[in-house]
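The same subunit A turns up in both complexes below, where it pairs with subunit B and then with subunit C.
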Partner chain A sequence: MRKALRWKAWPIIALSAAVALAVPVIAHDGYVIQLLNIAILNAIVVIGLNFATGWAGQINFGQAAFYGLGAYTTAIATKAGLPWIVTPFLSVIVVVVASLILGLPTMRLRTYYLAMTTIGFGEIIRLMIVHWEPVTGGTSGLRAIPGISIFGIGPQGQIQHYYLLIATLGLAVLIALRVRNSVLGRAMIATKDSEIAAEQSGVDTTRTKLLAFMIGAIYAGLAGCLYASSIRFISPDSFSGTQAILLMTMLIIGGMGSIAGCVVGAVALTILPEALRFLGQWYLVLYGLGVVAVIVLAPGGLASLASQVQPRRARLR
Partner chain B sequence: MGQLVVNGLALGSIYALVALGLLLIFNTVQIVNFAQGQLLMLGAFIGISCAVTHELPVAAAWAITMVAMALVGIVFMVLVYFPLRGRPAFLVILTTIAMGIVLENLALIVWGPLPVSLPSPIHGPPLRFAGVVVSMHQIFIFVTLAVILLLQFFFLTKTRFGILMQATAQDLHTARLVGIPVNRTIAVAFAFGAVLSGIAGLLVAPIFLAEPTMGGSLGLKGFVVSVIGGFGNLPGAVIGGLFLGLIETFGARYISSNFRDAYAFVVMIAVLVAWPRGLFGEKSSEKV
Partner chain C sequence: MQAIIGPNGSGKTTLLNALSGASHADAGSIRIGGNEIFRLKPHRIARLGLARTFQTIRIFDNLSVIENVKVAAGCNMPTSLFNIIASNARQRQSEAAIDRNSREALEIVGLAGRANDHATQLPYAQQRLLEIARALASKPNVLLLDEPAAGMNMTESMTLLNTIARLKSSGITILLVEHNVRLVMGISDRVTVLDFGKKIAEGAPSEVQRNLLVIEAYLGRRHRHA
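And now, the complex of A and B:
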C-alpha cells in the first residue's frame, strides 16, 4: 500500500523538480528569481517549523527569530572578515544555544503559555536587533553582506543562487522525510496525538519536543545564513513577529504535517503579496480572511484537499 | 519615585482592563482571543469618530462605543468562535490572530495611518500631593477600573446570569443538558469582553495617541498579564496588570526605555519558568 502510494508520488515529484529546474529558463526577470529565492528560503524555514508544530504539535512563534539569528550571525561574521565557510556552523551554534535557552524551560508549557512565550522570545530578539545599532545596523539593517564563497568559489548572479537554493531545499526535504520515518519522527507524531499515551509507550515527550524544536531552529538558522549571503541585505522587518505569524500561516495553509504542503504554502504566500500588490492595504484584509476561511473550511490546508481525492480513488478500486 | 508609581499604576490599570476582557471570554469558552488588542483599537477609533469627527459630547461617544463594541463582540463570536468550536486551541489562536490582521488593516483603510487624539471625558486641574502630580484622567482610569471590577464581581457571583455563565465555563455540555441557554451566555461573554477592551481603548487614546497599529502591543500586554496572573483568574488579572504597569514604568526609567516592551516578556518567561501556570494559578482544570 505504502509502496504503491510512493510509486504514485514519483511522477508528481519528478514533475515538480522539472518545473523548479526549468523556471529560470522561462523567467529571466531578476526580480522574479529574487522572489523565488526568498520563497525557497521560506519553504526551508517552514519545513523546520513543521517539526515542532506540524509533527510534535507544539505551537512556535519563535521561528522567525531563529531565522533572524542565523541571518544576523552570518552577516556580522562575514562583515567582520571571517571566511564564509564558518558561518553555517556559527549560525547553527547560535540557534542551538538559543533554542536550548527558550526550549528547556518552556517545553512543559501548554498551548497558550507556549504561544505567548515564543511570541515574547521573538519580540526580545527583535528588540535586541533593533537597539544594538552599532553591530546590527538597527532598523535600517545591514547592507553589502559578503556572498557565499567556499575557498573562492561561489555562485554568481541570481540564477546560480536559485539552483543552489533549490538543491538545499531538496536536501532539507530529504532529511525531513528521513526524520519523519525514524524513531524520532514517530515519537513526534505520538507526542502530538497524546502526550499521556506517548509517555506510556516509553516516549520521552520532553526530549522529543525539545529535539523537534531544535531541528526546526537549525533549519531556520541555516536558511537565515543563506538568506543573508544570497539576498545580501537584511533588516529586522524580515524576522519580526509579523513574519513569525506569516510562517505559521504558510504551514497552516499548506497543510500541517505535510512537507509538500509546507513548500506549497511558503511559495504561495511569498509570491501572492507581490502578485496582488495592486490591492494595496486590501491584500492584508483578504489575507486575514483567507486564513480564517482555510482554517474553518479546510483545517488540513491545501495538502488535505489533495489527499481527499486519493482515498476516494482507492475506494473505487 | 511617587510619580512613577502613579504613572505605572495608571498604565497597569489599562493592561488589567485588557486582561479582564480576555478573562471573561476565556472563562466562558476556554478561548484566548488574540485579537483583543485590535478590538481595543477599534473601540478607540469608534470613540474618535464620534467625539472628534462628528463632534458629539465625549459621554455620548463613550455610550455609542460601548454599544458598538457589544455588537462587534457578538459578530466576532459568530465569525470566529462558532465555526471553530471543539477545534484544537492552536487553530483558534491563529484564527483570532488573522481576525486581528483583518481589523487592523480595515482600520488603516477607514481611518488612515496617522495618530489621532481623543479628549478625556473628565477635565480639571491635576491634583498634587507632595510633589506627585495625578491628572484627572489618571483618577478617571483608577475609578473606571474599580467600578468595572466591582460590577464584574457582582455580575459573576450574585446575578443569575453570571452564575449561568460560570456553569457554562465549568462544563459546556452539562450546562446545556440542564437547560442553560449556552449560546446566549457565550454571546454575553463575547459582548462584554469586547466592551471591556473598547473601554480600555477609550482610556488609552487620551494618553497615547490612537493609531490603527496600536492594538498589537497592547493586546500582547493583556496576554502577558493573563499569563502572569494565571488565565481566567480575576484577582490575578488585576494584580498582574498593575504589577506589569509598574515594571514597565520603572524599567523604562531606571534600565533602558528602548527595551520597554521587552520587560513584559522577560517577566512573563521568568514567572512561567518558576510557576508554569501563572502566579495565581489557572482557574479551569485541564480537560482530558
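And now, the complex of A and C:
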C-alpha cells in the first residue's frame, strides 16, 4: 500500500523537479530569480515552522527571529573574516542555544501563553539587532556580506545560487519526510491530537515539543545563513514580527502539516505581492481577500485542495 | 482479571487516572512489578508497562489507523535524530519492528484490514478497538480499560468481550472499569465495587452480586427491604 502510494507520487515529484530546474531557462530576469531565491529560503523556514506548529501543534511566532539569528550570525562572522564554511555550524549553534533558552521554560505553556512568549522573544531579538549598532548595523542593516565559498569554490550569479538553494530545499523536504515517517514525527502529531493519549502511549510530550521546536529553529537558522550569504544584504525588517506573521500565514494558506503545502504557501505568498504590484494600493485588498478566501473555502490550505480532487475522481470511475 | 464497578460518580475513572498518572493522587503508593510509579509522569508509567484506554475516545485524528498504533509501539524504542535523518540500517530495523508489532496488535482486535485508513474513517465501535490495539502495542503488563463497551450495541459488546477474554488468556493483567454490571460478571476473576470513592465490596463475581451494600449502592436503600 505504502509502496503504491509512493509510486503514485513519482510523476508529481518528477514534474515539480523538472519545473524547478527549468525555471531559470525561461525566466532570464535577474529580479525574478532573486525573488524565487527568497521564496525557496522562505519555504525552508516554513517547513521548519511546520515541525512545531503544523505537527506538534505549538504556536510559534519566534521563527522569524531564528531566521534572523542565523542570518546575522553568518553576516557578522564572514564580515569579521571567518571562512564561510564555519557559518552554517555557527548559525546552528546560535539557534539551538536560543531555542533551548526559549523552549525549556515555555514548552509547558499552552496556546495563547506560548504565542505571547514567542512574540516577546521575536521582539527581543529584533531590538537587539536594532540597538547593537556597531555589530549589527542597526536599522540600516549589513551590506556587502561575503558570498558562499567552500575552499574558494562557490556559486556565481543568481542562477547558480538558485540551483544551490533548490538542492537545499530538496534536502530539507527529504529530511522532513524522514522525520514525519519516524517515531519522532508520529509522536509530534500524536502530541498535537491528544497530549494525554500521547503521554499514556509512552510519548514524552515535553521532549517531543522541544525537539520539534529545535529542529524548526535549525531549519530557520540554516536558511538565515544562506539568506545572508546569497542575498548579501540583511536588515532587521526581514526578520521582524511582521515576517513572523507572514511565515505563519504561509503555513496556514499552504496547509498545516503538509510539506508540499509549506512549499506552495511560501512560494505563493512570496511571489504574489510582487506579481500584484501593478495594482498599486489595491494589491493589499486583493491579497487580503485571497487569504480570506483560502481560509474560508479550503480550511486545510492549498495542499488540501489537491487531495480533495483524488476521491472525486475515484468516485467518477 | 480484575473488574471495578460502581454507580456513576463513584470514582472509577478517578482511580484509573491516578494509576496511569493522568492526575495525581494526594498520597499513597502505586507499584508495578518492583517499580514505584506514584507521581511519575504518564509516559514513564506507560514505558514501565501500564497501558490504558479512555472512556471518551482519544485517538490521534491526523494519523492513519496503523500510525495510531505505531505511536505506542515505538514508545520503548531508542530514537536518535541522526539515525532518522540518515535513514540507516538501524533506523529501518526499528521501524520494521514497530510495523510488525503494530500489525500484530491490529490483528488481535480485528482491525488489520483497515491499517492504512485514516483513523477518523473508522466507525465509533472500531475507534474503541483501535484504542485497545494502541494500548496493546506498547506490550503492557497491566492494561486498564475504561468503559470499553460504552456506546456499543449488543453485538459490538459481545465481540469486544471475546477480544478481552482472549487477551486475558494471553496473560496480561487487565483492570476493567465498567458501568454495565452484566458485562463484567461473565469474564472477571475478581470484582471490586466502589461507591462515593470508597471500596464497598470485593470478591468473586458471584459473591459481590449477593452483597447487600452493592445492591443498595446500585438500586437505592428502599430495595433492600423490598
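Going forward, the second predicted complex is superposed on the first by the 305 of 317 C-alpha atoms of A that agree within 3 Å, B and C clash if a C-alpha of one lies under 4 Å from a C-alpha of the other, contacts with A are read in each partner's own complex, and residues count from 1 in each chain.
Simple rule for what comes next: a residue touches a chain if its C-beta (ideal position, glycine included) is under 8 Å from a C-beta of that chain, and two chains touch if they have at least 3 such contacts.
It should be emphasised that the depicted structure is a prediction, and the values quoted were computed from it without experimental measurement.
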{"item": "Subunit B versus subunit C as contact partner of A:Ala212, first or second or both or neither", "value": "neither"}
{"item": "Partner chain in contact with A:Ala190 - subunit B first, subunit C second, else both or neither", "value": "second"}
{"item": "Dominant toucher of subunit A (residue count), subunit B or subunit C", "value": "B"}
{"item": "Which superposed partner A:Leu41 touches (first subunit B, second subunit C, both, neither)", "value": "neither"}
{"item": "Partner chain in contact with A:Gln281 - subunit B first, subunit C second, else both or neither", "value": "first"}
{"item": "First, second, both or neither for A:Ala75, with subunit B first and subunit C second", "value": "neither"}
{"item": "Contacts of A:Ile124 with subunit B and subunit C, given as first, second, both or neither", "value": "first"}
{"item": "First (subunit B), second (subunit C), both or neither touched by A:Pro299", "value": "first"}
{"item": "First, second, both or neither for A:Leu289, with subunit B first and subunit C second", "value": "first"}
{"item": "Touching both subunit B and subunit C, residues of subunit A", "value": "196"}
{"item": "Subunit B - residues contacting subunit A, complex", "value": "32, 79-80, 83-84, 87, 89-91, 93-95, 97-102, 104-106, 108-109, 216, 220, 223-224, 227, 231, 256, 258-259, 261-262, 264-266, 268-269, 272-273, 276-277, 286, 288"}
{"item": "Residue numbers on subunit C that touch subunit A, as the complex places them", "value": "20-22, 41-43, 46-47, 51-52, 54, 58-63, 67-68, 70-72, 74-77, 79, 81, 84-85, 87, 91, 94-95, 98, 115-116, 134-135, 138"}
{"item": "Contact footprint of subunit C on subunit A as seen in their complex", "value": "1-2, 175, 178-179, 181-184, 186-187, 189-190, 192-194, 196-205, 211, 215, 257"}
{"item": "Complex contacts: residues of subunit A adjacent to subunit B", "value": "53, 57, 59, 105-106, 108-113, 115-117, 119-121, 123-124, 127, 130-131, 196, 241, 245, 248-249, 252, 281-282, 284-285, 287-289, 291-292, 295-296, 299"}
